[in-house]
Each structure stands twice: as C-alpha cells, then as structure tokens.
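Chain naming follows the written order as A, B, C and D, and within any one chain the residues start at number 1.
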Amino acid sequence: MREVAVLGVGMHPWGKFADKSITDLSRTAVEAALKDANVAWPEIEAVSAASSRFSGGKGWGLNGNDIVEEMGSTGIPVYNLSAGCAAGGNAFNIGYTLVASGLYDKVLVFGAEKMPKGMIQTSGVEEETDPEYLRQVSVGMPGPAFWGMLCSQRMAEYGTTEEQLARIAVKAHDNAVHNEYARFRKKFTLEDVLNSNMVSYPLRLYEICPISDGAAAVVLCSAEEARKHTTDPVWVAASTVATYRYDDGIPRGLASVVPPARTHHSEAKLAVSKAFDDASLAPKDVSLVELQDNTVYYELAFPEEWGLCEPGEAESLVEKGETTPVGSLPINPSGGFLSFGEATTAMGVFQVCELAWQLRGEAGERQVPNAKVGLAQTLGLGGNGTATILKR
Amino acid sequence: MTTPTTTPVAEGLFAETAAGPRLLGSKCTTCETPYFPKAAICHNPNCNDSKLEDAEFGPHGKLWSYTVQYYPPPPPAKYDEPYKPYAIGLIDLPEGLRVLAQVSTVDPESTVGGADVELVIERLYTSPEGNEVTTFKFRQS
Amino acid sequence: MREVAVLGVGMHPWGKFADKSITDLSRTAVEAALKDANVAWPEIEAVSAASSRFSGGKGWGLNGNDIVEEMGSTGIPVYNLSAGCAAGGNAFNIGYTLVASGLYDKVLVFGAEKMPKGMIQTSGVEEETDPEYLRQVSVGMPGPAFWGMLCSQRMAEYGTTEEQLARIAVKAHDNAVHNEYARFRKKFTLEDVLNSNMVSYPLRLYEICPISDGAAAVVLCSAEEARKHTTDPVWVAASTVATYRYDDGIPRGLASVVPPARTHHSEAKLAVSKAFDDASLAPKDVSLVELQDNTVYYELAFPEEWGLCEPGEAESLVEKGETTPVGSLPINPSGGFLSFGEATTAMGVFQVCELAWQLRGEAGERQVPNAKVGLAQTLGLGGNGTATILKR
Amino acid sequence: MTTPTTTPVAEGLFAETAAGPRLLGSKCTTCETPYFPKAAICHNPNCNDSKLEDAEFGPHGKLWSYTVQYYPPPPPAKYDEPYKPYAIGLIDLPEGLRVLAQVSTVDPESTVGGADVELVIERLYTSPEGNEVTTFKFRQS
C-alpha cells in the first residue's frame, strides 16, 4: 500500500434547503473540492460515494452515479457505500484503498444528504424478523433513548453532572460561531442548554444533534500527484472500518449478552485502535479529534474508550476547557454534529474536510494551534464504525 | 359488538407460564449463549457447534441503566393518547442476557439504576378497536 | 496488486420462497461457500456485500452487516455496495480489491435478495428532479420497453427473426435442466416461446427474465492461502467496474445525445474491455460467458459489442448452436437469468459461482468442455457495469 | 361542478408556442450539447466552460426505433382504462438530441422504424376528476 494525500476538500453549508435539490448541494461540494485540489473533473479516475437511504441515488442509493452524471459521464468506476451514519467514513475508506492499492491516482470521495422531515426511524423494514423493528414496536424505543441510558449509567458511575453535559454543547456552539459551514452559528449559554426540554433523560434537546441537509467532498491522490501540487501535503495516515463485536454490551436488537467488562461501541474502538496501529501513532500524538457527537455523551465516552484519556477523566477535561481548540485534547473544533446537525451519509466526509483545514492551518478563529495529527470517527446502524487519521 | 381481547405486540416473544411471565428465547447448549428473541443459529463466533434449544428467561433482573422517554416515539411504535413519558431500561438477567424493556414504575422519574426488577406482561397500548396490546416490561419494586 | 483466487463458492437455489427469510437464504449460501473453501467463519477477515433496495439490511442496504450478525460478529470490516442490478458485480470487485491490495487474505463476497411481488419500478424516487421518475410519468415506459426498442432496431438492421430470438430462450432452458440451482428446470420448445404473450414488441414473456429470490457467496483468498488448499486454484484474472459514457445512445432519463456511432451499454463495454486488458487476454481466449440476459436480446448484442463476434454475426452463432455449452462461444451454460429469474443484487455473485464450477469441471451435464477462461458481466441502474474474468 | 381543464404531466417539459409544439430544454453554447429536460450545468465531460441557455426542440424527428408496450406500465405511470397498447420510440432530432416518447399512431403495430415523425402534445390520460393530463408524443404521419 502506498501513501495517499488529501489534495482538496469542499463543502456545501449545512442547514435546511427547501429550494435546493441534493444534486445542487452535491455539485457545490464537488466543485469546491476540485477547485481546492486544482484538478479538473475529467482527471478524476474513480468515485467512492456514501449511499443515501433518504435522498437522490434514484431510490437505489446510487448517489455516486448521480454526481458523475451531473459532472459529466466519463465512464469511471463508481462505488456507492451503505453503512448507516458511517457511510461517509466507509466511502472514504474505499476511496483511500483505491489510491493506496495503486489502482488509481485521483479519486473523489463524496457524501450528500437531504434529510426527510420529522424523526428518522431506525429501521426501514417493517417485519418482525428485523430486530430494530421489533425493538421499536415492543419497547417503544427510538435511537436517542440508547444515548440516555448510556449517559445515565455514566452519571451513576462517575457522578457526571447535568452542567458538565451542558458545557459540551456550549463548547460546540462556541466553535461553530467561527465556521461558515455550520448550521447554527450563535453562542449558547449554559442556561440556554439547561433550560431546553428534556428529551431522553438525562439528555436535553440542545444536547442531541438535529438533522440537516449538507454535502462534502474530498479529492484523494497518490504521493506523486500530491507533490506536483504542494510541497507539504496532508497525508492519510490511516483509514479503517470495523463492525461491532459479539460481546458488546449495547443490544442491537432486543438483547445482547451481559459483557464480561464494560464493552460499548466496539465497532468504533476497533476502528480507532486499528487506525492508530496502521498509522504507527498513539493517542498522545493526536492534535485534534472530530468524533460523532450525536449527543454530548459521546464526548465523554469516546475519549476514554479509545485511550485518549483515563476512565472517568473526560468530565474534568471538559470543565478545564481542555477540549476547546486551544486545550490539550481539542474535540470537534468544527462545531460537530451538535452545531451542524446530522446529514447522515455526508458526516464522515465532512469530518475529513475539517481535519484537512485544521492541518493546513486554514481554520481561522477555530484553529487548533500547531495541528499535526487529526482523528475522525463515525458510527452507523448495523454496527459499522470507521476511523480516519490525517497527518502533516 | 365484539369482546375486547388481549393480544401480544409480537408473537413468540413472551408468555405467561405456570411459573409466571417469561421471555421466550433460545440457548446454545455448546457455548451457553442466551438469545432473545429466538435465534436460528448460534451467533457466537467462537462457538463451532451451534446447538440451540428453546429457553425461558426471567423473571428476576437488575436494572443496569435507564432513561425516561419524554417525547412520543415515532412509528412504528404505538402508545395510548395522551402520551405519558415512560422509563426504558437495560436489564441484566442472571442467565447472562442484557434485555431492553420498558420499566414499569408509577412515576418514571423514580426509576433507579441498579434496582432489582421483575418481569411483567402489561398493556403497551389499546388499539382503536379497543383491544389491549401487551408487551414485556420490568417492574421496579 | 497480487494474485487472487476463488477458494469457495456456494448458492441457495433460486425461486420464490415465501416461508424463508433473506437471512435463511443468505446463511445457506454463505455456509456452502465456507464449506466449499474449507474455511471457518472466524477466518474471514472482511465482507463485501451487495446492498439490497428490497430486502433485509435493516432497510438501509446493510445486507453485509446482517450476515455478519448471523454468522457471528467478529468485528471485521463490512462493505455494502449499491449499484442497481450490478451490485453483486460491484461487491465482487471490492472483495477482489481488498485481497489483491494485500489488505486481507480471506474475504467473503455475497449477494442475496428476496424480490417484492409484482413489477419492479425502475426508480424509487417520486420527484420530478429524478429522470427515471420523469420518464415513467411522461412516457409511461417501464424498463423492458428499452429492450424492445433495441431489439426491434436490431431486427431492422440485421434481419433478426422472431425464431432466432426464441431459440435463445430454448437454449437457456436446455441448460437449466441440468442446474440444480435454477428456478425453471423444464425444457421449452420453440413453439412454447413463440406462443408466449408479447410483452414489449418484439420481446415475448419467455424471452424476458422474471424476478426470483436467491443468494450466492464466494470466498476469495490470496495465492498463498489458495495453494494451502489446492494445487490448481481458480484465479481471478480481472475484476472491473465502469459507468456509462456521456455519448452513449441509450437515454438514461428522457433524452441522450445522438451518438456519433452505434454506442450502447458503454458501461458494460468499458468494464469488459478493461477486464481483457487487465487480464492480458483477448475475446478469442474466452471458453464461456455468463452475461446478464434480462432478455434474449442481450445474447445477440453483447457478444458483438465486446468483440466476441462480428457485428450481425450473433444470430448465426445461435442458429448453429455455437452458444450452447459444446459450441465455440458458450453463453450462459448456467441457464442464465432467463432460467433463474433475477434476484437483483445476487446476480453478479451467482455468475462467479457458475464460472468457478465450470473452470473446475464440476458443472455436470452443462459442462463446457476444457473450460479455461470464463467471463461474467452485469449491468445496473445508474449506468453501472461490471466484468469478471476467471481462469484456470 | 368544476370545468375540466388540461394540465401538463410535468411542468416545464413542453409548450405550445406560436410556431407549434416544442420541447423545452437547454443548450450549452460552448460545446453545442442539447439537453432535455433543462440541465443546471453542461454534462459533457469534455466541455470546460459550461454555458447553458434555454432552447426549444422539435417538431421534426426521425424514429430511430420503437417498441409496443403490450402491458400496463406499473406506477407511477398512469393511463386511461381500459389499457390500450401504445408505441414508444427513440426519436432522433436534427438538434442532436435522441428523445424517448410515445409514438402516436392509429394502430401501434403500424409503427415503422426510420419513419419521419412530428412532435404533438396529446392526452396521456384523464384524471379521476375529469381533467385531461397531456404529454409530448411524436406522431408518425
């Protein structure tokens, strides 16, 4: 496997865009990434796209084919990857593999989404053979209830306070104020967050990400190509994909085994651990993290699950401001899912864009000083996890 | 006029047995892994001889954690109007099974992590035809 | 890129199985492929699955995750590929790439489908921005009408007769009689076919494939692993993916350009041509072909589009019996889509199973004598084409 | 009682102009590529300066090929009951556009590949409310 560089990145802002099609969002992101890479469309040799359940793709998840038709059908291979909310991460991984293996020199990775109105159902299959369906009808339990249960257990174990939870949301919005692509760009006070409605105890409305429309694109290339464009490229140090383990303690249907030890989100932990191994890097080397903050809880759980901090230490890192862009463990300087809202299949690509801007020092007032190594992670239905490490 | 009946929310998930309410699942006799609902084969990747037999689980468990569902869940979930928040918990059973279920307490906010709980079969909602649809829940004593 | 071998193949028979779930079909195929490969499930290092629009996958196309949960969650990477009816071919291509690149030694490729009742709509998107939708509402044109138009143009150009079309269906069923996995295993006479209802002129009911349920699985491995199991493995000589070209003369929406020359199914032609190049083989080297015979027309058009015969020559090859298993250009000795029915996302994997059996000499009474090189091809919505060449 | 009206099957696809019926599309002035329906950008990968302007196409064309649709198309397609087979063709226009459309002939089986055809706007079906829904077709003379 050879070295792969991030040559260009581009996004359409996140938000709700009733008057734009998913193709409009996609084109904006792809044109921006091509321009950033200084690459013309016909130079792209393959496309790896996140496959959407909700929008475009001719209803068959063919979102990569849509963008190729829009930009001009050159006959190139197109891969459409489904992995729930991890689809963007999976698409990045295949794009990376296509370049790293030596098959192609310039590959476009892309994810775009126009989310439907209202709450998303976890499963689209209305059959009793589908475990997600069975959980919804027999327990009346939507996705955010998982986060509530995990978070209340953490409160019981570590004494996490409601104020600590709210601080994470405040920090997210403080960052997003400086991000022109974010959907919500106003500051939130602790009071704003603590006064928002309880959704799934102990999680409040402003502690859970909404849904958004959005699109992001990345041009990957070989080292040789990268050096034609710049002397100091952003490198892909690792890109990994994993699924959850059988002994994981979070039921994916109605039940799981009682795990031998605290074993949660094993798909994310496996992907992140393998990424560190592949990159020959350790958690201490990380300058910043873009993690999947569907809820503030994940900013507490993930760092300890991945060895970025000690068990139970995350709360004090939040309180001391260590997770802000100028702290010792900057988390989601972009503003994260909390400030962008989730455009499911675009999120893994969105994270790579932010890492690239940070590593290039182009993140403006949300810049992490001296950023050298960035870690991104997604998690999706079906037990899909992905991790990406970029370095400079 | 038809007589109101009681129907389970899904077939084969739970039953009122002579010994009381039980969850209906299966267990691999090779590796002892419990399954709820029933599995067709053993999903333990370390087990190389899947041998499943029917098994009943419950009634005793411990509440590993819980949440309170403050907003009405989207379809296909159903509930009685007006919607009233309920607790949902992860319950660890001595058989080695961690189960998701509603926690039945008078006041959902009085739910306590770590509490002993017991399996019950209770109304989930009443259908438009007046039939009571039941599900498995765990009651915090 | 290193050499890749087909270590094991397995299928569930095709048909309609009201009392079985897609997981039941999948498990049968996967267990058969593992047994054929003499590989235990925990040895599988990654899964590449065709992503279904219709069945399983938690409604998000996560069919690979379903099979991993069923067989046992070991934490391995899972890739779910959407490409319309080419999804099985795309999944094979990613599985191949994962082994060829050196990332993994043993990878499972798999496709399974339970098709819905009734006619399939081309597009699932009911919006005027979707070109397939627009075609259906404004022209009242379902998929098979394309085949009818292409076929009637061929009749006008080459004088193809209705009897020649019918002969292709008769040949397909003659082969399927000897295939225990086929759905329809009885002989059809020329009269049976010619008396079947006209569907889309000039194509009759028995000249168009129905839909079926089915599942197929393949275990791919590195050369080193293969040689531990056998001295004479079946090799993947090439695996390619392409999309259609801008100047293709088949409109994908309401219109295309008028092509400079006869340019149809450019996605298939590009994939097949690249496969020959990658394999350093020529059309004359092919012992047998498994091509996507949604309709008999394709057995006439594809051979000439890919250089397997001269333009207008295919009709005489059919008449002379050259496309039967003992002819000079055996096409679909399996019985093809016409005898199996299409289980959309499983078809690309099904084809690889047949090629492997043929190259091993295990195809019984439908065996192509001395089969050394097999070509398989799929075509899917969105302009996706794939090609696979196996050799011994 | 409401008066029956005539509505196009989709907005912006075709129009009755002073010169007769026309398809509404666009054309790239850089590379001359025609588009139907309108495109947002030029899809020609060899064109590096997308410049689209509105363009009208028709009425003259040549039938490249055709089929007869013997069975009722599945939804979302609509048609008048009882279903009557119609011809569908690929029509090459002198503007360089190959268009899919129904071919309007008295007897669909009398359709002839290679024939000269002319754009018409005709009824596709009558809605349950009695409104005539029109589409573009090409008539074989």
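Simple rule for what comes next: a contact is a pair of C-beta atoms (placed from the backbone, for glycine too) under 8 Å apart; a residue touches a chain by one contact, two chains touch by 3 or more.
Everything numeric in this text was worked out from a predicted model, so none of it was measured.
Visitor: In the chain contact graph, what is the shortest path length, in steps, from chain B to chain D?
Guide: Contact-graph shortest path, chain B to chain D, evaluates to 2.
Visitor: Counting C-beta pairs in contact, which chain pair has more, C-D or A-D?
Guide: Output for the comparison: C-D.
Visitor: Based only on mean CA positions, could you tell me how far chain A sits from chain B in angstrom?
Guide: For chain A versus chain B, the centre distance works out to 33 Å.
Visitor: Could you grab the centroid distance between chain A and chain D? Build each centroid from C-alpha atoms only and quote it in angstrom.
Guide: Spacing between the chain centres: roughly 44 Å.
Visitor: For chain A and chain C, let me know how many angstrom lie between their CA-based centres, rounded off.
Guide: 34
Visitor: For chain C, give me the residues that contact two or more of the other chains.
Guide: 23, 69, 72-74, 246 - these are the residues of chain C that touch more than one other chain.
Visitor: By the touch rule stated above, which residues of chain D touch at least two different other chains?
Guide: In chain D, residues 43-46 touch at least two other chains, as defined above.
Visitor: May I ask you to sort the chain touch graph into line, ring, star, complete or other?
Guide: Its topology fits none of the listed shapes; call it other.
Visitor: Using the contact rule from the top, write out all pairs of chains that touch.
Guide: Here the touching chain pairs work out to A-B, A-C, A-D, B-C, C-D.
Visitor: Which of the residues in chain C come into contact with chain A in the complex?
Guide: 1, 21, 23, 51, 53, 56-62, 65-66, 68-69, 72-84, 90, 93-94, 97-98, 100-103, 122-125, 129-130, 132, 240-246, 248, 252, 266-267, 270, 381-384
Visitor: In the complex of these two chains, what residues of chain C are touching chain D?
Guide: Answer in residue numbers: 118-121, 126, 128, 133-142, 145, 147-153, 156, 197-203, 246, 249, 251, 253-259.
Visitor: For the complex, give me every residue of chain D touching chain A.
Guide: My answer: residues 40-48.
Visitor: In their shared complex, at which residues does chain C touch chain B?
Guide: 23-24, 27, 40-42, 69-74
Visitor: Looking at the complex, which residues from chain D come into contact with chain C?
Guide: It comes out as residues 9-11, 13, 25, 33-37, 43-46, 64-71, 73-79, 86, 88-90, 92-93, 96-102, 109, 113-114, 124, 135-136.
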